[in-house]
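I am attaching a structure below and will ask some questions about it afterwards.
Note that the chains take the letters A, B, C and D in the order they are written out, and that residue 1 is the start of every chain.
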């Protein structure tokens, strides 16, 4: 393993922020410097930093001290797609890498960021190793991604708190959690929090049925908690538009599904309903112990892959092992909540 | 102190729920039974339980086991005003009390609930001892009320989490916290969380100034957190209507001030802004250690007052002491954030 | 799946308590009653309840309301081994089961408890389905057990707190965590908390080397955190005896390894050292979101196995799937920390 | 207020660390620089930094960014007493102050540190303004000190967790908390956590009575939690020596009172007992919202006092107000738990 010589490695974080990004960066640098003698260059704000060579920074042991428990990313992030300008963007990135003597990139990001890395490696031969990141847990190549456990923990704690206020006033409490395309956060936090209804994007919901569960819960003298992923939609799409609200800019648009659902539930069940929209609280702050562990191990294994010049790969969790998979695999399919798993949870509805 | 004989005491909780209600009930019953030999009757859902004698329950040592750390109220709550029917309501309540042999009531509630207790005592001679409760901390008779510290803690933790996501994306994060008429939660959590702008109902805000603070924060390469009380309003009221949204029931109404402000800030500063509405998460769940301590002491002193037949009083916190004040005092004036205290915080703005 | 008829099922929890036990019980009963129409009998205090038929209780939907987030076990636990009396114990248990019409047992426990279940099934044909439980994560048949994530989270939070006090005073802080035979809690919390030394039972430690790491940490002007599993031992066993202390009962015994190590470190490095022994705080209280999810899924799958009369099996986690394995497998080998995984962590030492 | 000109102000933190120290420093610097135009010099490691002028640092707005939520102190701390060398120490400190052009000191510390400040001001005319700090809450001049609420919160959370493990195994759980000379942390966390026995240094305890409470708790089928301050002692001092243990250095000494008490309880009641020693976890990590608020306000008012050249004063909390008191007042008497307050708590014993 130590047959390869020291090199310069670039690091960047792209896409939405996620608790654990700093833990990855720290692990990469600690092991890279101490064990292998590599040097590190941090690019700012995702791909933009490689494109523009803006505020590029040397990353040493001191740069990563104390960042393990911190949320966000010390390198900043963006959603810049360097391939939107085609080959020109690629040339600019290659120039930046050459300017800094960087031989390979460790790319920490989600579907979009890793998709770019896959093309840079596959089409342009730029040396990339990927680290998967998504708060939504919807990357198919890995059992879990860091950030997800933190988000689920925060949402669960919120649900715990809402139970007592729901019971005291016999109200419906609707909690809208993250998850535009997949319902993993809703499903896990809903199950862990003892929700009475869980609604996910994978399965358009029937408003009548939801109201039925809610009413039945009241019948046994308990107040219901409804956890709804932001991307969940009712079966009859028109219904939403009919109740559509005008946004701050004056356009008619759907209000958040949580707010909308609370309104509909009030009308149909005659019960008071209140909404909480957790928003970015779910993706900020210190990572959970699990996410720090996973992010740290991802970092350690990513620098191993770079050290071995095993480019075009991505680290992934399988059971309790960290494995390497082709970087393209991460973006192949969206990992959605399987029908069977959702069915498991339904026993707790109503 | 033990010169008075044993008696039957009614207990009720009214108004919005609040972490610490159960701690009061437990302390009242534990000391009342063990020290004084009193018996306790729990009325359900605030004044409604006394009016309707519905599911009235005996409260013994066993009924209050394990409830200290639990949010909400085991007795339920409501906003029923028993005086809305005038003397008839009073007669019904007196009948209920007579039916159960209840000689005095311990009334745990906020402005409305205690206002009723003050009138029942003052106008009808019904024996009441009050325990002040409001998550908003706006009762003038007491330094603090339980529930407030819990709400501030939860809001502060959320602000902590939002800092990292704000920095990673250089976005404005707006956090809407509770406080319809007073800005105590916003002020305390904003200061504790290191917010860059704090907006309170007591002081209509100037949107231009807010945008100025936000821009100046970005100038020094940091991303701003804005904490806004739900009751905060801009100086120019029309501006809100102009941006007014249509609610789920199709009526034009103001959207929440947080959502509204984020929209305006985006338009004027050109920076992305996101909103989090904490909602009922702030008033649910286990009370903070401070609130359990305060609620427990309130309960111990309330039963002392009853035992001494010192009716028409309310317990209150002054410094580190629990004192008794006339129950009417609680509802005399709303305790708002003084201008000078708000000015103290302004040094951190921008 | 629904071809089998309704039946009576016994439930028991054995061994040390663990956050998530109640979540298992709740899931078993909710699905068993609502989906399959089974009835449930709760035996108290582990195997003792089946032996003695003491305070045996019917478990219905109402019995399991609200227990999901609660630590401990509503059924109580013990370390009673019903096989220590040989066949007589078995006869007594069979009599208890017959008395209640119980056809099968869901046995939630660790190595000892499940070992008994394996023998009861294998040697006496008593119908058992196992659910693995151990805070130490040392059961080889499953990727993780519930309770472990909670313990790691609590220990990590403690380590986070100790960092600031270590830095402020430039002291060594030693944290002793659970783990008599395996170092999983130490390894995970040490990595997640950014410890500078992690000591596990699997690898006797060299005191000189530990002091070297500590000194090197001070050299770079930082204060070290040492995480040590309660079962970790120094290479030279005599050394411990030499420093042995007399316990509260007057016997010479080893003090806790944490306290002992702090003393030795002070003597050898000349730096102040302080110890924290987290103790039972690690196994009490509300389960983490992950543990509630895992425990709930274990419960749902255990009652499926019973419903299908698939006895002699145990549920286990493999990746993200719940599978069934022979119940004996759980107790076959102790799952210790592999040398390679420990080596991964060593890059952070010093 | 702005009549006074800009000046150079020194800042130091002394004694044991305490959550909130950084919040004070930040508030002092933010307001001092932005509002008054003062400059700040940070002295390291308490009085030692003024004595030795070691690593003295300029404190600007940038130095205090992001430190509000961090535990510990960015300036470091020590227990160095600069008066132990008499007038020579004073001369050295005056020389350091002159070298940096520092006109006044903001001294953040406990009894010892503030005692030095009082003498420096009173006997040598060195301009000092004090900020009281003690995790133990035993300074008589102020209602509360920051750090105390954090410590109580951490201890309460631990007690919450121990309840479930106590109940599951019907064991006695003993929690030893901080408090060498006063029982404030024990009293507050014990009350908030629902402890069944609370032992404080102010009141030597009767082991028989403690065992009586424990036994009575078991009689009603619940398991007891005993919270004991580290400085609590039994009435019969000899009894402890009899059970005395030998420490890691081979000297006979008292073991921690928690461990000792658990041993005695086991012997006398025949019940299993376990001990948790929270240790420095109580004083590390992020401050609670209340402590951040209090520390921030202390800082704002301390710089006001300096700006007004109101030397020889200390800021203090009275009710909800920050007031100024003579700095000597802080060290006049130890604020212990009054007998009457302890008696209030006794209703929950047993």
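Note that contacts are C-beta pairs under 8 Å (C-beta built on N, C-alpha and C of every residue); 3 or more make two chains touch, one makes a residue touch a chain.
The chain lineup, named per UniProt: A, B, C, D = Pyrophosphate--fructose 6-phosphate 1-phosphotransferase.
Quick caveat, the model's predicted, so the values are computed rather than measured.
Least step count on the touch graph, chain B to chain C: 2. On a Cα centroid basis, the chain most remote from chain C in this structure is B. Comparing each option in B-D, A-B or C-D with A-C by residue number, the pair that reproduces over half of the contacts is B-D.
Comparing chain pairs A-B and B-D by the number of C-beta pairs in contact, the larger count belongs to A-B. Each chain gets one centre point, the mean of its Cα atoms, and the points for chain B and chain D are 30 Å apart. One finds 35 Å separating the Cα centroids of chain A and chain B.
Chain contacts: chain C has residues 157, 160, 286 touching two or more partner chains. Two chains count as a pair here when they touch; such pairs are A-B, A-C, B-D, C-D.
Those residues of chain D whose C-beta lies close enough to touch chain B in the complex are 30-31, 34-35, 65, 68-69, 143-144, 149, 152-153, 155-157, 160, 188-189, 191-194, 222, 286, 288-290, 292-293, 296-297, 300, 318-320, 344, 347-348.
Of all residues in chain D, only 16-17, 19, 21, 70-73, 76-78, 154, 157-158, 160-170, 173, 243-250, 252, 255, 259-260, 262-264, 267, 274-281, 283-285 touch chain C in the complex they form.
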